[in-house]
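Two complexes follow with chain A in common, the first pairing it with chain B and the second with chain C.
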Partner chain A sequence: VITPPIIDCDVHNGLRSRDDLKDYLPSRWHRYYDDSAGWVSAAGSVVPSAPRRGVFRHDATPPEGGPPGSSLDYLKAHLLDAWGVERAVLSPLESIEFAQHGEDGGALHTALNDWLVDRWLTQDERLCGSISVPVEDPTRAAVEIRLRSSDENFVQVLVLASTRDPLGNARYRPMLEAAADAGLPIAIHVGGHGGTLTSCGPFRYYLERRALYPHAFQTHLVSMITNGVFEALPELRVIMMESGFVWLPSLLWRLDRAWRDLGPEATRLGRAPSEIVRRHFWFSTQPIDEPAARGDWLQTLDWTGMHDRLMFATDYPHWDFDAPDQALPVEFDDDLRKKVFSENAKSVYTFSSARART
Partner chain B sequence: MSTRTTLSSKRLASSLVTVTAHVVGKLEEFPPGARRSVTVGGRAIAVFNVYGKLFALRDNCPHQGASLSAGTVTGSITSPGPGCYGYDRNRAVVTCPWHGWGFDLCSGRSEFDPQRTRVRAYDVGITSDAALLRKTADDPGPAEVLRIENEGDYVVVFT
Partner chain C sequence: MRMIDCDIHVVPTIEDLMPYLEPYWQDYLRDTGFSRSPGMGYTYPEAFPMVATRPEDSTHVAVDDLLGPDGLGILNTYFGLESLLHPFLAPALAKAINRWLLDEWLHPDSQLFGSVTVAPLAVRAAIGEIERFGGSDRFVQLVLPARSEEPYGAERYRPLWKAAVEKELVVALSFGGSTSTPPTAVGWTNSYFETYVLAPQLFQTQLVSMIASGLFTEFPDLRVTLLESGWSWLPSTLWRLDMVWKAGRRETPWIEEPPSAYVRRHVRLASAPADLPERANDVARLLDQLDSSLLLYSSDHPHRYSGQLQTTEFADAEAWYRLI
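Then we have the complex of A and B:
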């Protein structure tokens, strides 16, 4: 347990068994759900390789069985109690295996959100959640966001980073607009169905995927800014989750220069891109970057000027978990500790102190 | 590969000059395949039994402190050159349960940076030497006192 109490903004719970979703899925979809097991995932996979024996920590399997992250009791003991977590934002990643279009995609995501509320978010006051949406069907995603917008159990909208198009593309606008209207940040998180992740095509190894994931986030950031998303939706806030942030200085230096030199091309962009990033973006820490000279980490944070925007995350129970008391590459002073472990998350999330409990 | 280290009184006597012997349990509590964390002098030490051979490492990964005793023990993948792979089952490697760093169970040296990244390895052996057992049972702090009931084989970690 460390002080101050931490807010863990990236925790992954999941279905104990695939069938558990059926309690929340209209019966007309059950046959489809059974028949499509494994199919969407196989068809949409962009990962030709995987980390060692799967994505989970090898010491996080619940004693009663089931995959890591599938047991409420064990997640409470193994993460929340063990590390003194005050709030954990749950992001189930089942959407990766769900259809992203049409009625079926809509029904699956609605069922998943109902399951999350019923089995998790109303069971422990430390838990709050992400709204899962069919990202590639943005109108339907907007419907789901509006359906959940008055439910204070949800604090963000989960958008998996491997989209079919960069998020500044106009077709995603209804989804972004619904989030802005609901006052909920969009959390762009590793995972998804579409893009190549790199700017040049597929890679061979998981190691490459892991090292190059910032490409996807950089693409979304630049796309949203240059396509005027934040001019159209001045209330929209974006969290880059599992993206890293140390690449930000060089990108912003270059992007600001491009804007100065080529601004007339993107006529909707009235402010320097770096100014927009500092106003609209937050970043999570995990997987924390580990420079050879550890002090360079703080130097880089200084270059970004994002001391008020960096939020601690464990990514529990995934294999690249960051331990709250061990992961930091350098000592933080008290002020930075408070910001990164707690205050910055409170600045972007609306946590309800008196949420209805069942 | 059931090499079994039996320690003579003489070796123990000389070891005690520079190191401390800690009886950490009966041998049958560490059967082949066992990976157990024991506390010795306030330190967590992971004791492994791999096909009858005992190993002991500090039970904290030098990266972020995960328990290596919750890791996976395998042989070692070797590659003498491009396109050639081998599996050396005579070397034992533990893979950290979190970020997958591999450590040689014998030396504690990491797979990816053996010179600079390592975890402390301890000598470990088996003894039934009554003198040693009395000595270690009476000697160290209260937390480490092990009640010796009968003659038999005991696992000893040297720190």
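Then we have the complex of A and C:
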């Protein structure tokens, strides 16, 4: 299978050592940063989050040492050069260990974004980045987004999916508004700080956690639509990252049926919810779903009508990396492959100098 | 094959239950002006005709109309007892509901079969109800609300599953429920619409928990019916679940087969409501993906939905519920 030029919209780089952030963190926060090492902000309990020894591909460990994803040179060689990646959107996940409120949360996220620009985004023209924000302090998150909005190295705002509340809640509105104003999509990605994680309390096994990841995304989608986010912010675009995709048709059918059966007054929506999804949402591919029979993937995509909204991602350097030459279903033809590998990403991201300033 | 409607809602009024309650509870309910559990209001708000579940619809005439002369029906008396935290009130109501159901609806020559209602938080009392009524050939299933504070694979529910299996009851998970934990994976919703649309999460969470915890390995005779689940989410959920199991099965070696194999053997889904594509050939394709032999026919009386499934081949409910 020949692969066209690739835009990889989900790549995870990270700090080589925790101390590296201090180069970008005002000195008055250093003591705090040291003392907060190892603090787990996720409420409730968690399970070990990988099949074997950590979330990484073992062969992604840089030869010079440090965790996978921490070496610019090795990421270039092992991912960008190896697969002919034209653009990679970097989403460091350090924010999982950061405070999500207050001045401390703000300072940490600002430092992470400065580090990302200085050590990565300005070092290779193929790299672009995600703005990390303290999600549970949406006013502060909005400040960070506005601060970065003129920096064309950033192409999206990263929101980790396990928030305290569904994103349609009014308190998140300033953050969403800032993203819409900046012309930046919100990328909702697996991970986060909330403690619920299932609709029936805590899970026990990694199997459950991984099987049920789509629930957080479904909840945000339904919450944002129902609570009028897209009526208030008609320009807002949302990317579901690592969300899975094949669950979407049945959710669209259910959304529309409930909207008809409960009556528009139940939702205050003047148009079918599926229309709003088709207009405002994009999805990444990894981990690519594996339907039971050949043809089911394309059928699923046909049911959504969102052939222009599916974007390729590898999730490098995580263990469940999707290789570009193997990940897409065999039934995807060349035209669809081209869309998924690069064209669809170009429709939601504004790369380099072309981005409009507001 | 005769028509068997596997999900007919009947609910008693509090007055209906009075003769089946101890004097203490009669006084308690009158003193507190209790009329409806919070779980009923949360799950089936009366303002929405789609899901309203009122005693007025629980008439013998209405139910006879559903069944015709030859049909059989399985009654679901979901009453929202999971939302009553009083440790003795909820079990007292469960017992009264089961006694009322047996007296009012389950005569030996009736076309109807019953579900045992329990207060799921009071596991010991729930087992008492299963032992009290589960032996009767008029009771063929145990109903639990789909929503719970801990997923049903959790250790504390094991004795409940054991009791149900020993009495050869199907265990049905019924749409909705009200608990002190949020109804979604990321917190509380702001409206009924959101809660309703996201309810398949509840069923999926429970299925995954049951499989992950080895419930079907431990109880090879266990049968589970999902009521009002919407069901069109099942094929894609199983695709993902099989994939996740394949990649990570070292963690759960007691899951010996792909999760979808357990579902096909141990789980059936009631047909109403169905969340479907508009065109008939798309519905046919979806039924192929699902394997329509997993669907049991249900009217879900008195709930009313648009765009529902027309005729299809349904699973043999007589065999599933061992009605013969």
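The definition used in the following text is that the second predicted complex is superposed on the first by the 329 of 358 C-alpha atoms of A that agree within 3 Å, B and C clash if a C-alpha of one lies under 4 Å from a C-alpha of the other, contacts with A are read in each partner's own complex, and residues count from 1 in each chain.
One rule holds for everything that comes next: contacts are C-beta pairs under 8 Å (C-beta built on N, C-alpha and C of every residue); 3 or more make two chains touch, one makes a residue touch a chain.
Here the structure is a predicted model, which means the values were calculated and not measured.
The superposition on chain A brings chain B alongside chain C with room for both.
By the touch criterion stated above, A:T198 is placed in contact with chain C alone, chain B being left untouched.
When both complexes are overlaid on chain A, the residue A:D124 reaches neither chain B nor chain C. In the superposition on chain A, contact of A:D261 is made with chain C only, not with chain B. For the combined arrangement built by superposing the two complexes, chain A sits at the apex of an angle of 90 degrees to chain B and chain C, based on C-alpha centres and given in steps of 10.
Once the two complexes are laid over each other on the shared chain, residue contacts for A:E275 go to neither chain B nor chain C.
After superposition on the shared chain, chain A has more residues touched by C, the comparison being chain B against chain C. When the shared chain is aligned, chain B and chain C each come close enough to touch A:D320. In the superposition on chain A, A:D104 contacts neither chain B nor chain C.
Using the contact criterion defined above for the overlaid structures, shared-chain residue A:P291 touches chain C, although it does not reach chain B.
Look at A:E152: by the touch rule set out above, it reaches neither chain B nor chain C. Smallest inter-chain Cα distance, chain B versus chain C, after superposition on the shared chain: 6 Å.
Shared interface residues of chain A (contacting chain B in one complex, chain C in the other): 51-52, 320. The touching residues of chain B, counted against chain A in their complex, run 63-67, 70-72, 95, 97-100. Contact residues on chain A toward chain B in their complex (touch as defined above): 51-53, 57-59, 319-323, 325-327. Partner chain C is touched in their complex by these residues of chain A: 51-52, 161-166, 168-169, 194, 196-208, 210-212, 214-216, 218-220, 222-223, 226-227, 244, 246-247, 249-251, 253-255, 257-263, 266-267, 287, 289-293, 296, 299-300, 303, 320.
Residues of chain C that touch chain A in their complex: 48, 50, 147-154, 179, 181-194, 196-198, 200-202, 204-206, 208-209, 212-213, 230, 232-233, 235-245, 247-252, 255, 260, 273, 275-277, 282, 285, 289, 304-307.
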